[in-house]
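Listed next: structures, encoded as structure tokens.
In the two assemblies presented below, subunit A is common to both, partnered first by subunit B and then by subunit C.
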Partner chain A sequence: MKKKALIFTLDAIFAVLIATSIIVSSYFYFSKTDILTYTQQDIYRVSLDTLTILEKSSTLKNAVETSSTTNINSFIDTLPNRICTNVTIFDKNSNTVLHTLKTGCTRSLGERTFTSRVFIANYDVYYARVNSWYE
Partner chain B sequence: MKMIKKSKKGILFTITTIFLLSAVFMLSKTYFEYNKDSRNTVTFSSFGDKLNFVEDDIVSNIYSDLLWLNISSITRQNNEVIINFLKAGKLSPNINHNNLFQNYETFIEGTYATLQNLNITFNNFNPTFNINPYNTRFVYDSQELSIYNDRDYLKKILIKIKANATNLVSNTTPSTDGHDYPEINVIILNKNNVIVYDANPQQDPDEMGIFEIVFEDGKQVTVSFGVIGESPSGTLIVDNNFYTEITQLELRYDEIDDKLLFESDANLSITSQLEDITKATEIILLEE
Partner chain C sequence: MLKLNGRNKAQFFSVDLVVAILLFITIIISSIYIWDYSKERIFLAEKRNNLNLLARNTLSSLVETSGNPSNWSSIPETEFNENNILSLGLLKSHSLNNYDQIKKSRSGALGLNNLAILDKNKIETLSNFNNTKYETQKKILGLLGPNYNFELQIKKWNETAFEINYNIGIPPTNESRNIVRLDRFALLDDEYVNVIIKVWEK
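On to the complex of A and B.
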């Protein structure tokens, strides 16, 4: 009877341990994936908004026409501290025309998002690409 | 008796196990579904955002940018509708409006569509647009702008053109016959913004009247109004052999209750093969 009880107790302990480890690892896996998805969404939306504002305020157009990124920098430098962004302007043949990076940011190899927006300057077609990531 | 008791215990144990396992299974399934739903919501909402962003990117202000337009005001007063442009186009033998539109279409359908991983198609994307319900049609073609009007509603056209020239050499103004026709006012400025010509004759929209302004070096601006060739009555055509900017255009009509709609002939179709979604849009310049 005593032996049986011991085996039964050990069995129960193993079962509880295995179940707990499965639950804990699942929780970490799922919660990590979700945070990543929502983080990317956040930064993607920031990129979309940044490009839209830069285009609708004619900042991109003026940058090409004056060959200066000063006004682009003035805007991207006001983004929240943790968000890093760089803006690159290409002509219609995808040659780089202008490039600028938010002050205090360094290039990241981690998670980042890309968005592009087209605009007209000097009666020609250009597009800007914003690349954003969390510092 | 003992055997019956044991088998009863076994059945109870089996039922409890099944019950507990089903609870665990249900819980896992619910969690899985919840997770899948929230992922789909995020994906579709972001995809919806992307399609709206792409559509807005391609369409918004494109006619204003390519044709150099600024529709500054629409006013309804004294049974009249007054449309005022502060920019109504640049005209020059060196500007090919059809090419500008073609280049944009080629870029969007090619490089841009690849960048966005979408199929994008324009239809009838050309340098023309209409003001409805007045059936006024604008056609840009290099050094020429044609404005086709419906004379039943038209009351006035004022056009101010800035010429890239300095000295007025000669001018011709159509004679007035004193009838109460739509009012035509043609004003020409030189490159120093000085008015060098201002004519406002009574002009029959069923006849053709020509305003001709000649600057140095044979630079010439011609504004024709009326029936021009086979055009409808009340057509206005600006034609010049050098660079000019239309810095003001005022159109006055009898008031109609319908809201004004500045619409192009073009429409746009954006398709995502990945998500199997197509978004089709008519390109509207402005809606009152």
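On to the complex of A and C.
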């Protein structure tokens, strides 16, 4: 009586599993493209633009002098929908003078960018900080 | 069993070997397929990254500089070329006579001029030369890639929405590929403006 048998080892299974996992993981690794750096740069530049515009149009100065964030909001609410931002103004002792958040935004949980700028109002030094993130 | 010249000969054949060969071929074929697919994806991503980078640099040059020379908008159309204009920028330059002067090098940190304030004259020059000097504008902006094009929109805030004031360049069509859109913000005539660039491939 002739008997036939299959050679079946755990070694072979491990080899196949390892080879498959290397190929699959290398596929995921190589095909992944990271655009996070660019998006962070974009939001940083929009923050800088926001601060520059608010400063150059004297909006920051007027906001401190009138204790109102209405004009700041009228600009930050025009930013693209996907971008959220808040503006905080501090006095020279780092006390918060004014704070406002773009309408419809909630507090950020992910990556954020901060930009700051010093300005003069009421013959005193203040600094504004813009904090931006993607909704 | 084959008997040849009185010696026994056998053929080695096992299911194991067949399975091993099949697995090997499967792994090789899938590796080739995955390699090719990944290469294609990386190539497309790199191309898009390249367009992204170009769009960023172009928009930064336009929104953050006044160009070189900063009085480029006073150069007549016939002399509007890459030899006379090294870079294009839309920021207001400080000179009263529209030529470079000392004030340009001063810090604009607390001044009302300098950064973020766009020059209407420069925008209009770019817009007026659009039909005749589009290729030159592309070259000066550094958009040298094959079939690369751009569209520059300047939208003014009208208290409820941004509406287009200037449309420079060529807008992308349905057949356009790799459209990269970037937004920046500035001031024009004391109004908020949204400066949008779209760099795309034909």
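Definition applied: the second predicted complex is superposed on the first by the 101 of 135 C-alpha atoms of A that agree within 3 Å, B and C clash if a C-alpha of one lies under 4 Å from a C-alpha of the other, contacts with A are read in each partner's own complex, and residues count from 1 in each chain.
One rule holds in what follows: contacts are C-beta pairs under 8 Å (C-beta built on N, C-alpha and C of every residue); 3 or more make two chains touch, one makes a residue touch a chain.
What you are looking at is a predicted structure, and each value in this text was computed from that prediction instead of being measured.
Engineer: With the two complexes superposed on chain A, say which partner A:75 touches: subunit B (first), subunit C (second), both, or neither.
Structural biologist: So A:75 only meets subunit C here.
Engineer: Taking the superposition on A as described, I'd like to know which of subunit B and subunit C A:120 touches: first, second, both or neither.
Structural biologist: both
Engineer: In the superposed model, does subunit B or subunit C contact more residues of subunit A?
Structural biologist: The partner making contact with more of subunit A's residues is C.
Engineer: Check whether A:92 is in contact with subunit B, with subunit C, with both or with neither, and answer first, second, both or neither.
Structural biologist: After superposition on chain A, A:92 lies in contact with subunit B alone.
Engineer: Taking the superposition on A as described, I'd like to know which of subunit B and subunit C A:45 touches: first, second, both or neither.
Structural biologist: both
Engineer: Check the residue A:17 against both partner chains and state whether it touches subunit B (first), subunit C (second), both, or neither.
Structural biologist: The answer is neither, since A:17 touches no partner chain.
Engineer: Identify the residues of subunit A that lie in both the subunit B contact region and the subunit C contact region.
Structural biologist: 30, 38, 41, 45, 52, 56, 119-120
Engineer: Along subunit A, where are the residues that touch subunit B in the complex?
Structural biologist: Checking each residue of subunit A against subunit B gives 30, 34, 37-38, 41, 44-45, 48, 52, 55-56, 92, 94, 115-120, 123-125, 127.
Engineer: So in the complex, which bits of subunit C are touching subunit A?
Structural biologist: So the residues of subunit C touching subunit A come out as 14-16, 20, 23, 27, 30-31, 34, 37-38, 41-42, 45, 49, 52, 56, 60, 63, 110, 112, 115-117, 157, 162, 182-187, 190, 192, 194.
Engineer: Tell me, which parts of subunit B touch subunit A in their complex?
Structural biologist: 31, 35, 38-39, 42, 46, 49, 53, 56-58, 60-62, 65-66, 95, 100, 103-104, 107-108, 111-112, 115-116
Engineer: Considering the complex alone, what residue numbers of subunit A touch subunit C?
Structural biologist: 6-8, 12, 16, 19-20, 23, 26-27, 30-31, 33, 35, 38, 41-42, 45-46, 49-50, 52-53, 56-58, 75, 78-80, 119-120
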